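After this come two complexes, each holding chain A, first together with chain B and then together with chain C.
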Partner chain A sequence: MAFTPPKESYAGKVYSVTVGTGDTAVTFGGENVLPFHGFEGETPNRPVIAYEIQDVPPSDWPESVQKPFESVSSDPVEWAKFCQDTLKAKAIALRLIGTHPDRENRSAEDAAKTVRDVLSAINVPLIILGSNHAEKDSSVLVAVAEAAKDKNCIIGKAQEANYKTIVAAAMANNHKLIAMSELDINLSKQLNILITQMGFDKEKLVTDPMSSALGYGLEYTYSVMERIRLAALTQNDATMQPPMVADIGMYVWKIKETQAPESDLPQWGSLPERGIAWEAVSAMSFLIAGAELLIMRHPQAVEAVEKFIGEMEG
Partner chain B sequence: MLIIGEKLSIIAKRVREAMMKRDKEPIQEIAKAQYKAGAGMIDANIGPAEDGGEDLMQWMVTTIQEAVPLPVCLDTTNYAAIEAGLKVHNNEWGRPLINSTSNDPERFPMLELAAKYNAQIIGLTVGKGGLPADAEERAAIAAEIMARAMEYGVPMEDIYLDPLVLQIATSQDHALKVIKAVKMFQELNDPPMKTVVGLSNVSNGCPKHLRPILNKYYLSLLMYEGLTAAIADPSEVAETVKTIDVIMGKTLYAHSYLEM
Partner chain C sequence: MALTGVEIFKLLPKTNCKKCGHPTCLAFAMKLAQRQASLDACPDVSEEAKKILGEASAPPVRPITLGVGEKAVKMGEETVLFRHDKKFVNPCAFAVEIKDTDEEANVVKTIEAVLDSEIDRVGQKLRVDAIFISNESNDAGALESLSKLVSQKAPDVPVIISTKDPAAAEAALKIFAEKKPILFGANSENLDAMAKVATQFKVTLGITAKGLEELTTLTEKAKSLGVEDMVIDSGARKAKEILEDNTLIRRAAVKKNFKPLGYPVITFAQRDDSMLETLIAALGVAKYSSIIVLSSIEKWKNLALFTLRQNIYTDPQVPMQVEQKIYKIGEPTSDSPLMITTNFSLTYFIVSGEIENSKVPSRLAVMDCEGLSVLTAWAAGKFTAAKIAQFIKESGVENEISHREIIIPGYVAILSGAIEDKLEGWKVTVGPREANALPAFLKSRAS
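Let's turn to the complex of A and B:
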């Protein structure tokens, strides 16, 4: 008798989230099986990779990931256009890191202007991220949500400390929302509950349970994501059914392995290759853990991950 | 765990009067309250309903399902009334549950209805010879009901075995025997048999203030042994069900888990 591989079926299903407008809108999530288990059920949407850009020049990025963008990164509009037109980005994630009080401390109005300028230059979906300064974000994200009204962006990240104003702004301006908690599955669930109790549609949420770089706690972040996805599928837990984002670039490109020159550590090999491989491998891990949306930096890492997705989907 | 809302019973005066007058409002109000409190199914207990049972059951099923998107548990010994209810039941929100068959030959026709209408059915583990003495006797009766169900073509996964909860005030020794039976029932099949209890019978005859306490703690122990469903007051037991689901790892904990 021929061997029939056993098939698992699940009670729950991940919500599918559409971002952007018109022909260039993208949809992710929607599966009722574990990542890449298309042979067991439905995986209607391919994971989406968004290119990370920022409102100020990336002077804090290591040289090897600054380089691909060196001709455009002094201007967020040019940078966004380059990602869309040259790199064929399916989505762009604009991080307003310049609004952080310890950085350029740009105002909410300045940030809103940047968002308007970028939105008028591109037609792919935009993810708008604050600087992760809870207090500042609560004014910046409100302003940018208004500036991007009805463009169906993803706004983030709402945290326990600031979610109320951000949720209200995302709701009033018809955006999707990233709910972020720090490496704690129970708090992640709790934040999703609190947000939906404000009247925000749970099918417009994206969960960020926190990600990390390979070698820097990846196994913890991986495990939380995996458990969230299992709760969504096996326990049919609606609060855990929004798709998940892995915001990887910012973790990968600050560790020693993506910065130490080959002259100091010859045994580690080529620095540019090492950084690309590090970002790609970290990203692939989170896809397997259950992330449906990735935020990444290096074009070659993105290319490698796109290829990996294609191979996994067969 | 599935909570089958018990509040629409002919024993309650308000419900009985509404049934007699065919007054939809109280019935639908009670159905909605139970749905909101966490019921996954609504029990419609019309008693023996010897006169006009068919019409009454049809009216109950449609009245309930007009108000809430839930399946109905058809609760009467009147075979014709069950069949009439099954005919009008809307399966969009789940399949109906017949309450009940047993090992009494007079109740075997209920299995025929389950097969004919693709309904689920409760198998009460009593026979013609009176109440079962212990868990072992309950399991033996359960096995006979299962064998009978197979003859009638009712799949094992459509049967909810009911060990028959007795009153703690008069039959204290049965409280533990029922819990043991819930465990034993599951072992009668792979995948495990489903189980159900009429929960509030445990506190029947007890002072009013003790009833919720007895019901809730008893339910905790039954859930620990893997109980699938309980016919109960949803507003009374919802907190217990949610909490035990969290303790047993069936629901992911969050500070607001009781609000979900």
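Let's turn to the complex of A and C:
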């Protein structure tokens, strides 16, 4: 029996999204096949990993992921410069967690100042994330979108409860936008429709189907991503064609596996490697399920995933 | 191609004898079509029908068993490309490579690490499944003595013997007679002799090729030489090639019912950099490998890979559940808060994770609601005041705590009055709706 490789071609294509300005702008998405399936179609852009930083010191991060940033993390500007200059970050994701009412409850004006300061210190693209408090985000993200006007950032995350003001702010200030819904392909589709109905260009959207950590619901994110990508390709469903983001660090670095010392759980092995592997394996899984943009924390996890991507592309 | 129930029915005796345990031949045929019954159950089926049905009803990826006894590993039998379509059937096996050129002390260390690799996670026992014994030296004597050492130190652990030399293979296989090892290393140069050894010892033969075309030729030839059970290696070593070849193999088997590639795939993930090796192995877990060969098995790496395998091979149609009981988080005292939630594993993981984040030692009562989340369980009548009251009384938690206060999820605030009615002497406090608000909630109570 002769073997004919069962290659597949698809009707649809993922939009490519460019963020940032000038020489350091990056583009992701754009493929017309499943992730890394370059053997049967076009995969023009390498996935992008953004380093996560935040507006307040990362006292809530476990020690092993605080440590690589300990000399810079008290100041978001220094932190951003460190990621860009020392770690060679291709993009930076600034999470304004300090604006959360249960945290430092920083004002929208303070957040806008942080964004302006960070933007003037770096030239790589910036992703600006709220604290995931739907109500507070709708004022904070409006202020920061304006502060970052025309810098072609990604603003996020717009959710069902607050998308209207955030979409308007992203549109008025020429930014890309993350639309997040909770682990459900239909909710994700619906939110993308609502946002585009406001006149927002669907080619400027990034879908966040909600991330999770290895061992803590990873299979849900994985399958929702696979289904979204298949809908984009096989059904040529334009509402499912924006590239996807996996916001991994915040899920991975709060679970027991990235925090419990080896002395408590000898069967789990060395803690530093365990934490790095946890973030890297979660990231790899979402990459092959369909994510083109990753938000990560640990430099060694980023390094491992970059090597993996290198082997996938090479 | 798979036959329909009616097509199968035409080939059955149509006697409705019930010996197969089904009321009629038609009912049996329907079960066969859904792969929920085996043709062996019919004592009267003709040889001709057996042949036609056997071929048509064989799973697209041939089932293979590695090893015997409790540690035996089943592989193959996969039917889909995407886990959301249907559960992936047999979780892949992890095998650690030991070379016959390694120092004996290191060999012993690795064997001990295999034996000590078992971890319990969400009720499943997970371990490094097999040892890949490699004839790196190309010396038959060295392979034989390594095989002896492995069989002596780890008599129950399944093995894969890797050699290109049929004579060396024979000597090693004698040591593992009756233990269902895999003989790996048949290629375009030694296939006849290796096939002969494999049939003589009745073992699965591992075929290694340069590309899918050659692999097809080799498996067909092995089959013509009487080898039924095989595992296959396309020669892919880089991540890009592994994804491409594994995808094409699975598609050919599942979508085209292409028998020459309908065998479990063995993937070689070894790298000098253990973190990168972890990711290559993880690619194999997600993308269709049945055996993944590793160069090292650090505990952190095992835990990450076992967990990913468990996640990927979970049945997408059955919610993952955790055991009903009172979980202690931190080191709670008799005054510590008591919360309740349902036993959907994701709910449990998220709620317990947030309680842990709060650093407030607590008890979390996890109630069996058939794996539904809080709102769904409440809507389905499984998370009701009466059932909650009964669970709390029967759990014995009243003997562990000095207070009588229970914190319920904010989404079921409506239950608070009814629970107080059913649980006499208890106070019900309504907690936050979302788990991520728990740390603030618990901290503010503690201060």
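Note that in this section the second predicted complex is superposed on the first by the 310 of 314 C-alpha atoms of A that agree within 3 Å, B and C clash if a C-alpha of one lies under 4 Å from a C-alpha of the other, contacts with A are read in each partner's own complex, and residues count from 1 in each chain.
Everything that follows uses one rule, which is that a residue touches a chain if its C-beta (ideal position, glycine included) is under 8 Å from a C-beta of that chain, and two chains touch if they have at least 3 such contacts.
Just so we're clear, the structure is a prediction, and the values are computed from it rather than from any experiment.
S.K.: Classify the contacts of A:186 with the two partner chains as first (chain B alone), second (chain C alone), both, or neither.
M.R.: first
S.K.: After superposing on the shared chain, does chain C or chain B touch more chain A residues?
M.R.: C
S.K.: For A:235, using the defined touch cut-off, is the partner it touches chain B, chain C, both, or neither? Pick first, second, both or neither.
M.R.: The first partner, chain B, only.
S.K.: Kindly classify A:293 by the partners it touches after superposition: chain B alone (first), chain C alone (second), both, or neither?
M.R.: In the superposition, A:293 contacts neither chain B nor chain C.
S.K.: Per the contact definition in the header, classify A:194: touching chain B only (first), chain C only (second), both, or neither.
M.R.: Touch status of A:194: first partner only.
S.K.: Would you sort A:304 into first (chain B), second (chain C), both or neither based on which partner it touches?
M.R.: second
S.K.: Taking the superposition on A as described, I'd like to know which of chain B and chain C A:254 touches: first, second, both or neither.
M.R.: second
S.K.: Which residues would you name on chain A as touching chain B in one complex and chain C in the other?
M.R.: Overlap of chain B and chain C footprints on chain A: residues 227.
S.K.: Quick one: which bits of chain C touch chain A in the complex? Just the residue numbers, please.
M.R.: Counting only chain C, the residues touching chain A are 82-84, 119, 121, 212-213, 215-216, 220, 238-240, 243-244, 247-248, 251-252, 255-256, 258-261, 273-276, 278-280, 282-283, 286-287, 298-305, 307-308, 310-312, 314, 316, 346, 349-350, 353, 356-357, 436-437, 439-440.
S.K.: Write out the stretch or stretches of chain B touching chain A in their complex.
M.R.: 250-256, 259-260
S.K.: If we count contacts the way the header does, which residues on chain A are in touch with chain C in the complex?
M.R.: Residues 1-3, 5-8, 36-39, 60, 102, 132, 214-220, 222-223, 226-227, 230, 254-257, 266-271, 273-274, 276-278, 280-281, 284-285, 288-289, 300, 304-305, 307-308, 311-314 of chain A touch chain C in their complex.
S.K.: Provide the residue numbers of chain A that touch chain B in the complex, in ascending order.
M.R.: So the residues of chain A touching chain B come out as 185-187, 189-190, 193-194, 197, 227, 231, 235, 237, 239-240.
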